[in-house]
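There are structures below to look over.
Across the two complexes that follow, chain A remains constant while its partner is chain B and subsequently chain C.
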Partner chain A sequence: MQRRTLAVALSALALLGLTSLPASAEDKPTVIRISFPGAGTGGRPLQGGSFPSNAHLFKEIDDEFKADGIRIEWKFFPGAGPALNESYANGLTDVAFGHGDLPLIVGRATGLKHKIVLSSGRLGNSYFVVPAGSTAKSVADLKGKRLATFKGTAGQLTLYRWLDKFGFSDKDFRIISLDNDSTKAALATNDIDGANITPFDLQARGIAKSILEIKDDPKITRPGTVWVGEEFEAKYPQIVQRIVTRLVKVAYWSTQEATREKEFQAWATSGSQAYIDYKKDWDSVPDLRTRINPLLDEYYVASLKSSIEETKKFKLIRKDVSIDGWIEPKYLNQALKDLKLEDYWPQYDADGKVKIAARSTLAAN
Partner chain B sequence: MSASIDDPSVFAARAAVHGKQQLAVLLNTARVVLGAIAQRAVFVAAGLVLPALIVLLWWTAAEHRWVPEQLLPAPTLVWQTLRELWASGDLHAHLWFSASRVAWSLLIGGSVGLLLGFGMGLTHTLRAYLYPSFNVVAQFPVLGWVPLLIIFAGIDEALKISAISIAVVVPVTINTLKGIANIPRPLLEVARVYRFSLLQVLWRVVLPAAAPSLFTGLRQAVMQAWLSLVFVELLASSEGIGYLIVWGRQLSQPDLVVAGMVVVGAVGVLLDLALRWLESRLQGWRRGAF
Partner chain C sequence: MHGFRTTALAGAVLLALSSASAHAQSAAQLKNELDALRKQVQQLVEQAKPVGPTADPKEVADLRQQVKELKEQLNVQAATATATATAAAAAAAPKPATTLAVDADQATRDANAPATQADIQGVRADFENYKYETARNFERKVPSVTRNTTIGGTIQVRASWQNPAQNAGVDNGATGGNTTYQATPRHTSFDVPSATLSFAGNLFRDYKEGKNLSYLLGFATGSNFAGSPQSTNSATRTLGMSSSNGNQFNVTNASLAYSFFPTNGGQEDPKGTLTAGQQLVPFGLEAQANEEIRPVINSAQFTSALSGINTRQIGLIYRGDSFVSVDYTNNYRSTLLEYAFGVVNGSGPNKSDNNGKKDWVGRVAFTLPADYNSWPRELKLGVSYYKGYNNLANTTSNAVVQIANSTRTGFDISYTHLPFSVAYEFAQGKDDTFVGLASAATASSPTFVKTSRGQYLNFGYTWGEQFLASEKSLAKYDDYWPKSYQAFVRFDSFDADTLNDATARAGSVGDKTFITTLGLNAFFAETTKLQVNYLLARNDAPSTGVYTLDRPRKTQGLQVQFQYGF
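Coming up: the complex of A and B.
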């Protein structure tokens, strides 16, 4: 009897799930499913580190659609970018509030169809971290040793670029796949010999130390991406516009110096990085607009192209990926225009150098 | 079994010269042999019906996109991936890593299991002390051991080998113990009458009598090792068949995942067949030993 009730309940749930997918023919959905390519420590449903995560943490998107009765379903994946791809392939995600270059390209290569509407952020420092007791002073000292990265995420390509920079390839090391939490644990137990991770909290606790640091190098890290599923975009263009405009508004707010402390504290609640990690990691950017930048400028496009080349070079995709019709900047342009922020952010050229400097903050205030 | 289908006609031609009676006998033999072959063929075919249906369902589901192609690869794609893996030598490399892990674990876990089994089987005191504890520990699945093992053995090879070894110890010990416990008493009594030394008792009575059970233990151990291997390789690996499966998932290449599963299954069946063959060969030695 009980088993039957369960079966009925389950099939009812399945039916609900199915019927909620194709929303009614109106111009607004009943629910928008927004996904982050990660989760907090132990899988808690929180993300930090970017302005789209502020949109969640400070309930900006929920507020935007509250009056319309549109519910926002937030999704967080401990399996990061690859898991976000699976969710979208299963038809369970409408919008991604960030996606690293590798999983984004892998998804596109397997035939996932989405439109890139803005960038979730760029640059950032990258550290080469070893256990506290390690005698290694350089990447060369670690040759043949065990390095960890979360394979399938942007971190994998970042590590490969590090190795390439010092004249090595992934074949010169034993590279295992570990998520952020496990990497910290493995550094503490000496189970790995090195990883790219923000080191300040680990250093303070005497677990690990950073031996090398690359600051805001446009060739080491690549911009993150916010995308909208093609079907959703075609069906609800005005909803997409409202999401993008709100996000740009949040991005603007996130770049204010007055927001700095507030957002670092909010980001730290996810637990994947401590407050001190954000605080020190962002010390090198006096102007927050350096990293919090939603633009799809020449640098963004060139980065995406070179990431595709790298992905092919490392044989991480089998089908070629074309960027034709992938990037849809019209929502972003409209938002920048509506909010009068067209010249607010710095625009970079394909080489990652500032092409058009940002509007002076004094003028913005 | 070895008679080929052409044989009856050849024989029949000769038989016509020699006489009808002989022909009738030959035809009858041929009928029996053919009948046996046919029966065997039907049996094998019956076993193939279900896999064929599953492949058909899989193929149809992939063809009609019942499940998105990012999640369910077409059988042809899996086949192509398998061939590419084979051609590039990746498959050999991963298999070699997995096989060496299994071999080490069988060596370590098997030795411990044999020692425990023989120890508890031969001396009553040891059994009284150890068996209850062993019995409790044997109930834990390998999966349950892993979190604890990570703390002590880390996440590298030591974890993999120790986890698989634990999976091996249990069936080897239990079957060794059972094999010794089930040795017919009269055999041991005869050995005593002949004043066999301990070595002689072991070599001429215990080992041959317990051999079938030892073999059952070994076969179970190999299967357990192979199954646990895939699980432990899902954790923090950079090589091996289990790793190949995880890697395929990370890169959204489900064909790689399925190809990995196919290889695991195929190797499992091969291992089992090889052990069965070895077992049947050893039966001869066993008879000679008595």
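Coming up: the complex of A and C.
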């Protein structure tokens, strides 16, 4: 009887010891929770417009970890970047696949700890769109009127930059908060007087028209960001490396001209942007590497710094934000090296001008 | 045979035309294709000439018409080809979309294949069918309302056990109709304590600024046998209210609200709404908490014991906030100042004012401005005040003989930073009360101020995602709802007369109850929760020193309740 009691006690101690062992860097998680700051129309768990979205749409990350038995839990937040922040703040997200500059910065300003591992894309056209019957021809014509943006997202900063560019501030307009779908509906019903939104689908339907267009201006739009939680990164560095390497592979595939149409059609399945929006918005991009670019180059760093300054200037954060220790390029560098893609993408300087041109051929490695 | 040949040729030409439009590559290619087309049309013209007396004039006329149409199409095609050639020559570089690689994938081929008239007609027909079906369904199967309306409701289904048994009721007026009284003591009961139905919507929606005029209409039904452990005697505890058919069905909310501040600008805008009609009173936390968020099955004792704040009231109440701060991390909104004030009848729901004086209510709450990720987030402190007038009646004649003062003061502090939540609330009532027997009271009978006091302290721990807006709204294909679990303990006390001196006033002792509740709530679907509460109620000793069956020294209880909403 005593022997049995001792055995039970030892077993219990052993079990306790096993369960209380600290996780080593070699461990693998049972699930990786990957979040997108957006969702498809009608709450569909889909998103398009970037190479990280291709990683979901074409099941690249699922395939990467399938053999390991690691489940990928995809999360799509209709509440966009701010909702992603809330999820991470409550320990419910491990990796973000493309966070806009404003929610990324305010998250850091209020104490969210993550590591930036690569960029989810850059540049892109920006349009100023008004209802079809509007007589406005310029931003000045809309002074005092209602403009819509999804507050708390990168779109808010983009709108403020537009206004700044034309000598106005947000105080000169009545700015209301609407998500993408609501903005389209509000343009159709004349409930707003203007917004930054891709116009082609709206134009085809006779709902709205674009009065101004800024093409691929590095000062108007800012790069998106892929990050991993600090705790996840410290605990599973090998997993992080595999995610980054797979993403870079997807980024490479996504820049192939032959995949252009396949991407647009896949992206359009989310419904948040119509196929024609992708098609026409990207018509001006003969080399997809211009926008599909994962690099954390001088332009990325300078953009992040500029966005921090703008966020403070527009009083969207109260605290200062340091980028020290925030950007962790080692995973990206390793991936580029392993895939022999170090010179594949163009590198930009702080002003957004090409500093080192991309490899001249699109031939596969 | 002739007809077949003609049709085949016409088809070939049409095919060639559509082929040309689909695969126009360059000016040279187009020119070659046009030449080929011209030859085919010429052949068709030759064949269309009358070949003998047997030729059918109608068929010949048809052929001529076809040739004419083909020529017109050819001219259009030629014009398009010329324009394309000119544009191509002018362009600095050829457009990639028009140069298909041999091994181009299906997506690329699809992107470069134009839709035919038949395709467009197909889509058009589908669209018209959809419009027809939608219109008909809407007309025949979808209920409609005059104004924008959201319908909702909450139902509670409960099983309970207690020891010692709940004492038997006594026969009284409530046994009228189809009700029967509780004949013997009981330990258990199944109940449907509440079923509510609500309608809410906009009477006027201000699209420009969101200064909407909205309405709220709510009904609630309650079992005659809902009973309450706080009831003072077994009759009301077991029989509830009198009704003719065994339950009650009453209007709860009936109000109009107008927003004086814009509601569509963004979270940083302050709020201000005037509500007229029957509504909850802005006093403390628990009294105005709705069923969905209240963690404990039974409300705190003071919320049912203190008149004025224990029921809905009819009147005018303005609610607003100021000094708003928004943490854009997750668009978290906090207001330094929340306020509410108003004037009401004070006679409860569905009743006219029962005296010539109005009751007044006011509440101010302060929330520490804090970032979402900071520890002091959701630390709120509030004070409430209610000034009312109660009718004092001679209980023999039922005549109101005096209008008495009745005040309620409250203080609350709460901290909700998931997974932790703490709430403390204190409420005190002061009521003019007859010194002598109410059965012999007159307009000049002396009164004293009776002070009653209630307070509770609630500790909660919540795990799960239901209370996170981001997780609740996650995009999913299925009917997804994050689950949450909530464990809590609540200490709740109420003393109906704080004098607690039997020599001065016999009724001031034996009127205090202390209830400890341990609970677990499982939120497993949207607006649906399972609640399990264990209660231990302790009563203080009455002036006689002898506890009664109606009011034992200690009672244990277990309640299991499903609450679901729609």
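Here is the rule we use: the second predicted complex is superposed on the first by the 335 of 365 C-alpha atoms of A that agree within 3 Å, B and C clash if a C-alpha of one lies under 4 Å from a C-alpha of the other, contacts with A are read in each partner's own complex, and residues count from 1 in each chain.
Basically, a residue touches a chain if its C-beta (ideal position, glycine included) is under 8 Å from a C-beta of that chain, and two chains touch if they have at least 3 such contacts.
Keep in mind that this is a model prediction, so the values were computed, not measured.
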Query raised in the report: Once the shared chain is lined up, is A:213 touching chain B (first), chain C (second), both, or neither of them?
Result: neither
Query - Partner chain(s) touched by A:146 [first = chain B, second = chain C, both, neither] - result: both
Report task. State whether A:338 touches chain B only (first), chain C only (second), both chains, or neither. Result -> neither
Query - Touched partner set for A:27, first chain B, second chain C, both or neither - result: neither
Requested in this report: For A:286, decide between first (touching chain B), second (touching chain C), both and neither.
Outcome: second
Query raised in the report: Taking the superposition as given, does A:89 touch the first partner, chain B, the second, chain C, both, or neither?
Result: both
Query raised in the report: Which chain A residues contact chain B in one complex and chain C in the other?
Result: 82, 85-86, 89-90, 103, 106-107, 109-112, 146, 151-152, 174-177, 189, 191, 316-318
Requested in this report: Enumerate the contact residues on chain A facing chain B in the complex.
Outcome: 82, 85-86, 89-91, 103, 106-107, 109-112, 146, 148, 151-152, 174-178, 182, 186, 189-191, 316-318
**Report entry** chain C to chain A touching residues, read off their complex
**Finding:** 93, 96, 101, 103-105, 107-108, 110-111, 207-208, 264-267, 327-332, 371-374, 418, 465, 468-471, 473-477
Report summary line: Interface with chain A, chain B side, in the complex: residues 68-71, 154-156, 236-238, 246-247, 249-253
Report task. State the interface residues of chain A toward chain C in the complex, per the touch definition above. Result -> 39-40, 43-46, 75-79, 82-87, 89-90, 92, 102-103, 106-107, 109-112, 146, 151-152, 174-177, 189, 191, 257-262, 264-265, 279, 286, 316-318
